[in-house]
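Next, two complexes with chain A in common: one pairs it with chain B, the other with chain C.
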Partner chain A sequence: MSLTETLPVPALAAPAAAARTAQLLAGLRSRIWRGALALILPLAVLALWHAATLNGWVAQQILPAPTLVWSTLFDLWDSGELWTNLSISLTRVAWGFSAALVFGLALGVAMGLSKTAEAYLYPSFKAISEVPVLGWIPLLIMLVGIGEAMKILVIAKAAAVPITINTQQGIRNIPQAYLEVARVYRFNPRQLWLKVIFPSTLPSLFNGFRYGLTNAWLSLVTVELLASSEGIGYQMVWGRQLFQLDVVMACMVVIGVVGLAIDLVLQVIETRLLRWRRAAF
Partner chain B sequence: MSNPTIQTVPAIVPDEVPATPSDSRPGILQRGLQFLWRRDWRGFVLPLLALALWWGVTHFKLANTEVLAPPGAVLIEGLHQVFNGGFVWDLTASISRDLAGFTIGGLAGFALGTLLGTSRLAELLVAPSFNAVKQIALFAWIPMISVWFGMGEPAKVVFISLAAFYPVAINTFEGIRSVNRDYAEVARVYGFSRLQLWRRVILPAASPQIFTGLHLALIYAWLATIGAEYFLKSGYGVGNSMIDGREHFNMGSVLFGLVVVGSIGALLNQLAVRLEHRALKWRNRSA
Partner chain C sequence: MSTLSLNHVGKQYSVKGEQLDVLDDINLHIQPGEFVAIVGSSGCGKSTLLRLVIGLDDDYRGEIRIDGQKISGTSLDRGIVFQEHRLFPWLTVEQNVGLALENSPLSQAERRQTIADHLDLVGLKGFETAYPYQLSGGMSQRVAIARGLVNRPGVLLLDEPFGALDALTRANLQAELRRIWQQEGITMILVTHDVEEAAFLADRVIVLQPRPGRIKRIVPVTLPHPRNRADPAFVAIKDDVLSEFGHEPKPQLLEPVARPFGDYVFAW
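Then we have the complex of A and B:
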């Protein structure tokens, strides 16, 4: 019985392999095709931009040549200026995000586990989170000055809100059945946390981290543009004030690349961390 | 009371009609007290503690009162702003530029989202560039916008439009793409015209996601309004009054602005939820 069933498999293997290579080739071809199509628009914009600056349709002060932006980007990198500012910015994000992580997780767990904690804390949390970071900046500047503490507080607030909300909801949404099973198996508290609560809130937690880190980066750019004397945002302001728009545009490129990098890293971590979950389906 | 026949009537009524709290008809005072009693007051503990701390610190001069104004002074400043300051002008200026940007950005986003959603070729051509440009943090556009459009109203509206543009474009695109192909098939069977297909099938099916985009756009546009007023300091606006307040060490003005920013944001959010609910009512009915 089992023999007859396994027999056709080797016979099919060769055509299947051929089909697979054909599919792979087709996939490759469509990928190249897609890539080529995707490049048309940016290349057209670049060509137009280049022509506009070359022929003086637009003043250099208003639109620097793309080649200038490109070379400025490398100059800034080679001189170390860009890296100095970027590392200052990234350090701020790291501090703010870490603070948000500690605070947001603690608050989210407390409000998720205890209805009493929620009753005391949630209205205040809600009121604070309802006002966007941007609204808090002037007040924070008045209270703690324009220094590092203000920037880290701003970033921490931006990141803490989604972390707290997602942690709380993650814990709240643990299916009751899981907890009952844990009770039936007489899990001790440590087992309960490690085997039930943590794994089942992980996707929600990760969602919070993701929004939190994205928010942290966005608000860093904002706060550095508004009130800073170093960092990537400041470099932009500086370029703007001196009308060195090539510097401004180079910084925009860097800000975009960092944003993309944050996104990609989080995606990779998420698929790694949550792989067990997909496999279960 | 004197007539026993009348007295029996009210005794029967509660038996026939299930006793509800409203039957006892308590006075307005009693109902008010009940409402206050049932309300969960625990949420007020923390804010009251903070207020007490604030009052204590300023009252006993533990901090520089030049910077940290006492709560009473802040309240008076707030009232002053509402009744004889330029608050009304600031608020109207902010809200009108918010709505202008929201409308322009929303329409542009809807147009792009529709184009990308309907045409595969357009998607292949534009979507990668769109996604790349989207990675640039919104506020990083401010310096360039200030060069290209100046510091006045046009620059602000352009920036707010940009903020509203992204979420509407993305959600319209995804909404249209996620329309069930079977619906379009049915429409084809019934010989729907292109216009009918759009009005009767595609837009209704994509509407929840389009509304999500509009909802996000409303929130982002308000944020961008305040941001634009911080960075492009000219004219009136809630953001302008906050920045001015900070520069003049006027904490009342800053705190008042903060409350206004939060309240308007919450109000816009509520408005979006209501409108969304009303516009999508037909979906729940058919389900």
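Then we have the complex of A and C:
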């Protein structure tokens, strides 16, 4: 009796489970395939680079061999030098980005909610943001010196611009229809913020964070190249001054990989938090 | 259940400094539990009338009273289902329905229970944790109806709720709405441009005339429910209402005034 009762269930469940595994496998396969596609171009460049050094198309002193860059990377890591400089750089980005977050969110929310605030602030904000980071460095050196404050300010400025703009746009683009729903159900300001404004602005906020963090990382390298005595950008300058182009290139690899990693982490958080947006794509 | 009365209600928009009458001298008394349909061609102000009754627009002449009380602003005692479902895409079906209960005096357990009951009422049991992107247009509108009803409002306003749905889904939901109305006994006001829908559901069909929106005629529908759309008496009523749409004045542009975000939410 128990046999006839229990049999149909696994019999039905098994194909469903098999189908799900097949689906997962297919998904995994397409992911691996896409990952492989992304590697083709870098591998081709690497091959060309290798061929160039092997055949002496470019002088060894100017273009070191990939193998040399690779071993330099490990030497720098083993000596602790790379990590010291990298952690200093990451700390600067963290401080600058945090400052940008506070400032950018506040300014973006103010300009998004109030036309008056926008009228007061937007033109000045736009003018300041149109001057690139490089243009601010000379003035900032005069004002706050060459120390940490200057670097953090430069990074903060670079990150604050996209954060502000995306926050403002996000608030502006909240559909009127949702705000009316909030009024129909008599939401108080706290409910309005938590249930309507924040969630509907979140996708736009994330855009701002991603652009902001990318900008922060880029301008960190710029500012460290120009005025610094430590950090990953400084390590590059130091390598160039000693004409050790393997060090320069190893640093470039590290900067690229860290930038990519930062963006990937944010992307993962974003897709986790905004699962409901899948419909839009 | 509430008695709703509109006395000499009028509404003007000002477009480029010019006053434009949208509604003029609307007088209407709706009995508790009555189903009233308002029909009219687009631009006759029928949706504007609903916005006044729900309380999203306080700028009008005349007065709107519920059980003798003049209305001011929105109230949990008046529910609405919009033409677009207006579900929040970041919330699940049950969370969307729960939005209506944010300011309700019910306890958490009571909320859960009433949300489940209302999802059951609109036939969506089992879809509690689905997101709006997983729902069809008809299912979304069912959720919107559940959200409109979950507060047990005295009056439920429906602003062309099935306008965007395909014919089959629309017919299904009309039958569902009739069942819900009969089961719950809530006063309902349906705005529609679908005369058949109005005749199928309503006790009275109010025909609005455009520019300015005025009541042209009130057609009582006394046929018993459920109504048969092929019944000659039903067809006669439908044709009677349709005949009122005959001679329209020359169309003009109507420009609604867009309100900036700040006006809607905060004073600053």
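The definition used in the following text is that the second predicted complex is superposed on the first by the 220 of 281 C-alpha atoms of A that agree within 3 Å, B and C clash if a C-alpha of one lies under 4 Å from a C-alpha of the other, contacts with A are read in each partner's own complex, and residues count from 1 in each chain.
Keep in mind that, in the parts below, a residue touches a chain if its C-beta (ideal position, glycine included) is under 8 Å from a C-beta of that chain, and two chains touch if they have at least 3 such contacts.
This is a predicted model, so every value here is computed, not measured.
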item	value
Touching partner for A:Lys195 - first (chain B), second (chain C), both, neither	second
Comparison of chain B and chain C by chain A residues contacted	B
First (chain B), second (chain C), both or neither touched by A:Ala59	neither
Which superposed partner A:Ile174 touches (first chain B, second chain C, both, neither)	second
Which superposed partner A:Arg183 touches (first chain B, second chain C, both, neither)	second
Touched partner set for A:Leu113, first chain B, second chain C, both or neither	second
Shared chain A contacts, counted only where both chain B and chain C touch the same residue	116
Residues of chain C that touch chain A when the two form their complex	54-56, 73-76, 79-80, 82, 84, 86, 88-91, 99-100, 102-103, 131-134, 259-262, 264-266, 268
Contact footprint of chain B on chain A as seen in their complex	34, 37-38, 40-42, 45, 62, 116, 119-124, 127, 130-132, 134-139, 141-143, 217-218, 221-222, 225-226, 233, 236-237, 239-240, 243, 245, 248-249, 251-252, 255-257, 259-260, 263
Chain C partner contacts - residues on chain A that touch it in the complex	112-116, 171-172, 174, 176-181, 183-189, 191-192, 195-196, 199-200, 202, 274-280
Complex contacts: residues of chain B adjacent to chain A	40, 42-47, 50, 67-68, 121, 124-129, 132-133, 135-144, 146-148, 222-223, 226-227, 230-231, 239, 242-243, 245-246, 249, 251, 254-255, 257-259, 261-262, 265-266
